[in-house]
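Think of it as A, B, C and D in the order they're written, each chain with its own count starting at 1.
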Amino acid sequence: MKILVQTDPFDLGAEVAAMSRGRTDIGAIASFVGLARDMNEGSGVAAMTLEHYPGMTEKALAAVVDDACSRWTLLDVTVIHRVGRLLPGDPIVLVAVAGSHRGEAFDACEFIMDYLKTQAPFWKKEETMEGDRWVEARASDDAAAARWQAS
Amino acid sequence: MKILVQTDPFDLGAEVAAMSRGRTDIGAIASFVGLARDMNEGSGVAAMTLEHYPGMTEKALAAVVDDACSRWTLLDVTVIHRVGRLLPGDPIVLVAVAGSHRGEAFDACEFIMDYLKTQAPFWKKEETMEGDRWVEARASDDAAAARWQAS
Amino acid sequence: MKLRVLYFARLRERFGVGEETLDFAGATAADLVAHLQTRGGVWAEELAAGRAFRMAVNQDVIALDALLPDNAEVAIFPPVTGG
Amino acid sequence: MKLRVLYFARLRERFGVGEETLDFAGATAADLVAHLQTRGGVWAEELAAGRAFRMAVNQDVIALDALLPDNAEVAIFPPVTGG
């Protein structure tokens, strides 16, 4: 398991290759990259800055990954979240999950993203034509996380 | 949209980076890599050979991707499937889906994998201690594809 | 009609042929299967009713009652196992 | 008891402080919130009942009725928006 919070970009190909290197038991790696967009809620976004809570962030991410590992049989998990100032098109977050079969890898990857969005202490501030603004939490993210509790 | 059938390895990082290069409207890229395992149905697998139906393969993959594009609003899709002889640990298939938001990217990526498994004319032959054997189609793959029809 | 018939994977190996050209007097995919079954041996065995094989005509999967156009490319193969 | 209190994101900016050390006579997270509200202004406004803020004690999210241990690291922040 690898959990990192960093300002630097990450390398999806290298991270996924590292998960399977020297192993022959992995059948599936599902991964996700979230990117900064140039639009949000109808306004152009020139840049964003991600703030976090050092210490708690890593703890919260580890708790989400542990939760995933208790729900599915996973062979490896990598989570990397960037902080600092990012431009549209820049990658923000990487989640990659290795499993024996694809169903569990897909489910766990989406679960980790849904929980990360609602549990990990990151906050986005956007630079728009109308000035800087803190992004508000979305009800759709709460709903995405909540659906894992029913199943 | 990019669909390739090839003997060469693919580069997940390069493929995903190519999807978002020069674009600022993509918020999410879900991707999947399937790898050759050293075990299947209780037997050790030393290698496998993937056969396909040239011409129909590309057509069938394009039809699956078109189907996904009619179900979700997708910004780009890449599918690369390898053929020929592969060793345990080797990547077999890559599916990457770019969208504005993560839910549609995850769903479409898993949909394409589920349909590819049941619709695209590839066949695996495994080399085991007990001799060579053609892999049998799995009921679980049919079930995985069928669940998209109910929704 | 003339047909080009392709076999893949396990069927290709069992029949010992990957491709052949046929002069064929029938109309449907089922007629072609019946014709191939008359060859006996592995043909009768693998194409028997209830065996799991699939057919495509001009690279689209079809059902047994599908009509075969003249000069069609017909393929017979096991259920797919890629990915 | 002594508490280290951290503020993040919009709350850090509105309060104009990222971190402070408090001598605090209450027991629970709710007591701390009530104490901070007495500062008035943006404190009363942002921490009013019904406003969406979250609290963590020693880096675990807690509810308002949670007891605060001595020397705790308490954080108050808006709902998270990462990923």
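Following the convention adopted for this analysis, contacts are C-beta pairs under 8 Å (C-beta built on N, C-alpha and C of every residue); 3 or more make two chains touch, one makes a residue touch a chain.
Source: prediction; values computed, not measured.
Undergrad: Please identify each chain that touches subunit A as well as subunit D.
TA: Where subunit A and subunit D might share a partner, there is none at all.
Undergrad: CA centre of subunit B versus CA centre of subunit C: separation in Å?
TA: 26
Undergrad: When the centre of a chain is set as the mean of its C-alpha atoms, what distance in Å lies between subunit A and subunit C?
TA: That pair's centroid distance is 48 Å.
Undergrad: At what distance in angstrom does the C-alpha mean of subunit B lie from that of subunit A?
TA: Centres of subunit A and subunit B (C-alpha means) sit 23 Å apart.
Undergrad: Could you work out how far the Cα centre of subunit C sits from that of subunit D, in whole Å?
TA: 73
Undergrad: Could you pull out the residues of subunit A that touch at least 2 other chains?
TA: Subunit A, residues with two or more chain partners: 34, 113.
Undergrad: Pull out every residue in subunit C that's touching 2 or more other chains.
TA: none
Undergrad: With touch defined as at the top, which chains are paired up in contact here?
TA: According to the stated criterion, the contacting chain pairs are A-B, A-D, B-C.
Undergrad: Which residues of subunit A touch subunit D once you look at their complex with the stated criterion?
TA: So the residues of subunit A touching subunit D come out as 34, 50-53, 55-56, 59-60, 81, 92-93, 113, 116-125, 134-138.
Undergrad: Enumerate the contact residues on subunit A facing subunit B in the complex.
TA: 11-14, 16-17, 20, 22-39, 88-89, 91, 100, 102-103, 105-106, 109-110, 113, 144
Undergrad: Subunit B touches which residues of subunit C in the complex?
TA: The contact residues of subunit C facing subunit B are 6, 8-10, 12, 52, 56, 59-61, 75, 77-83.
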